[in-house]
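In the two complexes below, chain A is the common chain; its partner is chain B in one and chain C in the other.
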Partner chain A sequence: MGAAFDTIAFKASLCDGCGDCMKTCSEVKGGASRLAIVPGAKEGGFELAICRQCGDPKCVQVCPSGALAKDGDSGVIGWDAQKCVDCLLCTAGCAYAGIAVDPQAARVAKCDQCDGDPACVKACPTGALEWRRAGSLYREYGDKEDLFVPGLSGCQGCNSELIMRHAMRKIGRNSVLATPPGCIPGMGSVGYNGKTGTKVPVFHPLLTNTASMLSGIRRYYDRIGRKDIVVMALAGDGGTADCGFHAVSGAAERGEKILYICVDNEGYMNTGMQRSGTTPYGSWTSTTPVGEHLKGKTQDAKNLPLILTAHKCRYVATASTGYMEDLYEKLDRAVEASFEGFSYLHIYSPCPTGWRVPSSKVIEACRMSVDSNFVTLWEYTNTAGLRFTRSPDNPIPVVDYVRTIGKYRHLDAGQLAHIQAKVDEQVALLKLMAADSPSPPAAHRAPGGGEAPAAAGSLSGPLRQEIARN
Partner chain B sequence: MPEAKYLLVGSSHAALEALRSIRQFDPDGAMAMLTQDTHPPYSPTILPYVVSGRSRPEAVLLRDRTFFEANACAFVPNARAVGLDAKAKTVKLESGETWRYQTLLIATGAAPAIPPVKGLDGVKFHVLRSLDDAKGLRSAMGGARSAVVLGAGLVGLHAAENMAEAGLSVTVVEMQGHVLPGYFDAKASERIEAAFAGHGVKLLLGRKVVEAAALDGGHSCRVMLDDGKAVEADLLLVATGVRPAVDWLDGSGVAIDRGVLVDEAMRTSVAGVWAAGDVAQAMDFHTGKPALIGIIPTAVEQGRIAGAGMADDPYRKDYPGGLPVNTYRFFGRVALSIGQATATDGVEVSESDENGYRRIVLADNRLVGYASVDQPFDVGVMGELIRRRVDLSQCKDTFIARPADTGRRLMSEQWR
Partner chain C sequence: MSDVKTGKVIVCDGNEAAAWGACLSRPDMVAVYPITPQSSLVEYLAEFIADGRMSADLMDVEGEHSVLSVLHGACLAGARTYSATSAQGLAYMFEPYFRTPGLRLPMVVSLVTRDAVSPTCVWGGQQDAMTVKEVGWIHMYCETQQEILDTIPIAYKVAEHPDVMLPVNVNHDGNYLSYGVARVELPDQQVVDSFLGEKNVNWHACLDPERPMAVDPLTGGSGGVGPATFVRYRKGHCAGMQAALSVIEEAHADWGRRTGRYWSPLIEEYRMDDAEVALVTIGSMTGAAKDAVDEARLDGRKVGIVKIKTFRPFPVQRVAKALSKVRAIGVVDRAVNFGWNSGPVYQEVLAALYHLPVRVPAMSFIGGLAGADITVEHFAGVVDRTLRLAAGEAANGPVWLNEND
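Let's look at the complex of A and B:
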């Protein structure tokens, strides 16, 4: 697979310009900070100058002394102090001030990502700087065997195809796969003309009986002593939340040892974008149209993974392709848990065709859904309870996410307020459930020097009542 | 007859970048790089550092045998091209050997321009363009007490500094009224001139050499100036600029003005022949007219575009035009300039003398040039603002007051 590298990501919306990153960098590196937080266009906003470790680095190309080179393994552009003659031509090559003059040393200095453990990220109190390891995941798993045939007929930019291929690369050949009606078999994974579209045994159950059939397969494998087979489903939200729900609920309740992955694109996208039980409030779908009277779906989505936790499953988790590190860790734990009991992984998957999102913006939509808490990343076990795997603190407003999605284009202020309230309520509930688990080390405080984020115990009265009512 | 699908004549930045660009698209088409040099590739820009002793000659080489093997490119040193037959698609070498090509890159760079001074051909003088020149100058410096440098461009000033630091008594003669003409305005140049004067270098500005003569059996020389005065020295360095190395193209049909004329794709007037780097006369970003801008950033960009064209890469981009860029270090200090940094007509200029000197040049609320002395700035950031013609009308005052932060902010916004 091609080169992909880990990177320091910057979320301008979370930066309050405290400067801890620069102070830490300067201390760790013993000189000028190699990243610079600068005032933004808006009052109180900030921007970042840092080496982007470009794929096609101009600083390297214009260096007359051979002092700069991109490392093929880490992707870091390294600087050789011995070879450098301080001509500063590299600074003319960089459009982002990622290599700049350290006035004290009168030499250039640049970010080296602290050998894969950047000090600035650890010092950032608001979560504005993040160390994203998706690059090394792509490199590691990209080399593994793709268990689907090439040329699946998914739409351009299909996120579900990404999930399928990644999940099966990770899980491997020792598996039996069920793909109930939906986009996943629809794009060709069950195959044509007597040939399957996968390199593992795959079958196409009804929408209604996926979990039941998997239960039987697992029991048979147990009986013949093949306890090492991953018995799994890659199902859509319709087959899981609506038509197939009774089978899922039954298998979960019985503790069947299967891995059930729900790829949630918030509707029946394969058959023409009809609404499903997980379609969010306000969404346009072909059955919740937008016109003179109707303004999209009038009901809230059901929170399926939360419902599964009420089954006391062995493992329940949510994930998003916007945060691959998190997704991969959960795949590991979900597979392991599927040998012990019902294991459920809910992966949110924006649909470029049905949601009216440009295919180039799908991953950005994934990230923004998480950053706004529209989607929360957490996991649950029947022994340890629920814990966030990504801090829900310091979210961006939901409207920032919703605005990027075409199916919400028509929303009025009242509908937006409803969605924000629903998101806040869900997060408050999850926080209550996660009260006993340590929160992830992302945000230590709110931007703007605020106090620590509100703890679950300090919920306001009405919100508490609302949650209790639910 | 040796043959290559891609024949690169020259071995510095433009040719190396063309190689890379070709290999991104065509991993195994037959390729050869011919150079008149005896060494593996190196940058002419590094030479002053070889003269000063800061860089060892063997440590400045940019590529080695392993690189050429990995890129399936034959590297042929000591191969001086003397003729091009564009009809037969062949390049003739000094050795008599002839190479056939399918696509040709002219990247022969530039050679020192020797002024027509009476008696100069009878005097032993140095130039500084090749690694061997640098080694020669370094060894000559060791046995000299005084030096005279003709020309106060980058090469002349770098060498003058090196020789002064090595203890020689140095005189620089420059025709123009200031050092580094074209890159810096008078105020900036004066700061640089003062530094040289402070280090004992004698600058004779606005002066022309009219005659040169050997003294002491050729061990030293005397140059006569247009004001009638004479300067004597043990060592003479001629650094009065360079000229594109185009002699070998005589009669080839390749259109030449001062350099090889190229279009936006770095194609010459002859089919199958491209040119890039110091030898090429490509479009100037500001004027839109052909210009010689002999610096690494333009060589790199031109080389990449030429390579993409030679490999018929459908994602080739057009050349956006060259911007003059200068990052100059003198006696540990810094002088930087980019774009129309000396422009005075039809532009808005903001100068500041606080903590060094800076000159910001705007036109139509867009940055067109920037120069500074003793006040480093992000040259690449300012270059992007110029190239993208970023409208600064919303933040002009902030930009002029705090150019570094504002420039970084604007580029950070562009990234996401």
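Let's look at the complex of A and C:
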């Protein structure tokens, strides 16, 4: 899948310029800090000067002694002190001020990402610095078999295809996949007239009975001793939250051992962008239009994952394609949990067509939805309770997110205030649940994300170990 | 016959008889949701499983829609499956019910027939089953408790036959049969085992990582191979239904050889040899009809009965042939065909009669709705009216048998 590498990411909006990162780098590495927090273009703001570990590094090109070289495995541009002739051309060659000069040693000092565990990120108290592992994740999954054919006809910019392909790469061939009517089969996963787009057993359940059909499949395979098959759905929000909810709720109540992934694009997008129970307040849809009398949806969205926690499921989690590391970790845990009980993963996935978002802005929209708490990232198990996997503290205003989405273009100040109040209310409720949960909130790193949760081990029970997976 | 083993004899109602029929057929999965007058049937199943008499997985699900849906999943994974429902349960089940035969899933589901809401009622009638007659399931109607028990293994044999591969409803009348008690002989398990043989329910369509395939991709449309592909499925479904006619006969004969009980597989002709007029009946009403015909015969009136056992596929040739020699026909229904202002079986019989070179006058009688009795006296009235029809009195109707009860 080409070269992709992990990286230190910087979110200027969270940086307060405390300098802890520089201090830590200096201590850990000895001498000058390899990164610098500098005043930003925006009044009172800050920017980060650090080696970007460029794919086409100018520093390497200008180095006359061959002291700088990009490592093919880690992507880090390494500096060889033995070869360096201290000409400092690299510091001038870098457009990002990414290579520092240690004034005392009079030598260059550049970031080596601490061998994949950067000290600066751990020192950052606000979450402005983040260690993003998407690169190695993409490379890892790039090597696995893609279980869908090329050329699925999803809309440009839609994340459903990304979710499908990556989920099935991870899960593999020993699976049975339900894709109820919606965008996912609409783009050809089950297929048309005798031809299929999927390499694993796949089927259209009815829109209304996905969880029930999966229950029957799982029970029979358990009965005949084939307990290692992942029995799963890639469903939409309408079939899950509305007309198929009886089946989801029933299967959850019975503790059926299935993996139910709901890809939530906030409406019936495949049929032309109609309102669903998960469509947020204020949204334009084709059945909640905007005109003189109507101003979009007048009710709040049903919080489906939260409802599932009330079923005491083995596992419930939310995820966003804006934060793939988090999504991947939850997918792993969701698959494991599906051998022990009902396992539900709710992935928020914008619809560029129906939300009126440019394809190029979809991932950005995902990130802003999380950063504003419009979408919260958390997980729940029936033994460890609920915990955030990404801190909801210090959110950006919801209006900043909402303004990027065309379906909210018409919102007035009152509607915006309603949305902000609802988001705050939801977060307050989740915080109460997290505080009430057996696993201490301190177990996860605040405020960043991406670290393996302390509770993950609770799913690796004896039953799980008995199951010999392929 | 010497190789027939007589089983244990019990006294039970029709719902228990159905549960025994299911138990002896060894389904892998039973999904249940209670509804009057079916409830005791699923309670018996749960009891059998609890007591270890039956080894099926019991799926207590949240409604009939999921009853059939979990069984769809199980069947596609390879399970033999069973359930039962009535009226509103069937209505709620309709979405997956509609899909079952198209997937060619060889399931067996008992319909404990009941009249449909509204008016709100919980009593026997055949409006539920008759309303779904065009969905593509095989429908067999039973007359007695013993026939219910015996027809369920027969239904599996038919459903799972490779030339058929269609779901079967084994129907018995709510109240009269569901709660009515009679002597019933239980066949030995090994008799049923050897009758049914090994199951193979998903050779044609399965959800199995060892045989990956896409089940039910979008099919049809106006372009490419769509139209022809869709027609191929529908035509195949019709061919399966037609093939079922002979398979049903063979299965009943095979069952008879093993148990000594030979049930009429498609239609039963009762005292039809020299009959001048015929009644057409379906289900448990036939018992009262037979008594009425016997009495009429004592008076020298030549009346016979054609009882429909297999309603879908409709045994057109058999019905036409059986009725070819009579001069008038009275068809008694326990349901209403609103579009034709008659009973539904009546319309089926009229369509079959079109295959005859002569026009035989017929009349529609409707009775037994919402738990009402169709008594011997009612049938005596039907006999009288049908004889008058044969004598030249104009047809009218439908005649509502319980209108003045």
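The rule is short, and it goes like this: the second predicted complex is superposed on the first by the 433 of 470 C-alpha atoms of A that agree within 3 Å, B and C clash if a C-alpha of one lies under 4 Å from a C-alpha of the other, contacts with A are read in each partner's own complex, and residues count from 1 in each chain.
The rule is simple: a residue touches a chain if its C-beta (ideal position, glycine included) is under 8 Å from a C-beta of that chain, and two chains touch if they have at least 3 such contacts.
All of these numbers come straight from a predicted model, not from anything done at the bench.
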Touching partner for A:E47 - first (chain B), second (chain C), both, neither: first
Touched partner set for A:Y96, first chain B, second chain C, both or neither: first
Partner chain(s) touched by A:K295 [first = chain B, second = chain C, both, neither]: neither
Touched partner set for A:L88, first chain B, second chain C, both or neither: first
First (chain B), second (chain C), both or neither touched by A:V202: second
Touching partner for A:G194 - first (chain B), second (chain C), both, neither: second
Interface residues, chain C side, partner chain A - complex: 28-29, 31, 57, 59-63, 65-66, 69-79, 95-96, 99, 206-209, 211-221, 224-226, 229
Complex interface listing, chain A residues touching chain C: 173-176, 185, 190-206, 208-209, 212-221, 223-224, 229, 246-247, 249-250, 253-254
Complex contact set, residues of chain A against chain B: 10, 12, 36, 38-41, 47-49, 52, 58-59, 61-62, 64-66, 83, 85-89, 91-97, 100-101, 103, 106
Complex contacts: residues of chain B adjacent to chain A: 13, 17, 43-46, 49, 54-55, 59-62, 296-297, 300, 325, 327, 329, 332, 334, 336, 338, 376, 378-381, 383-384, 394-395, 404-409, 411-416
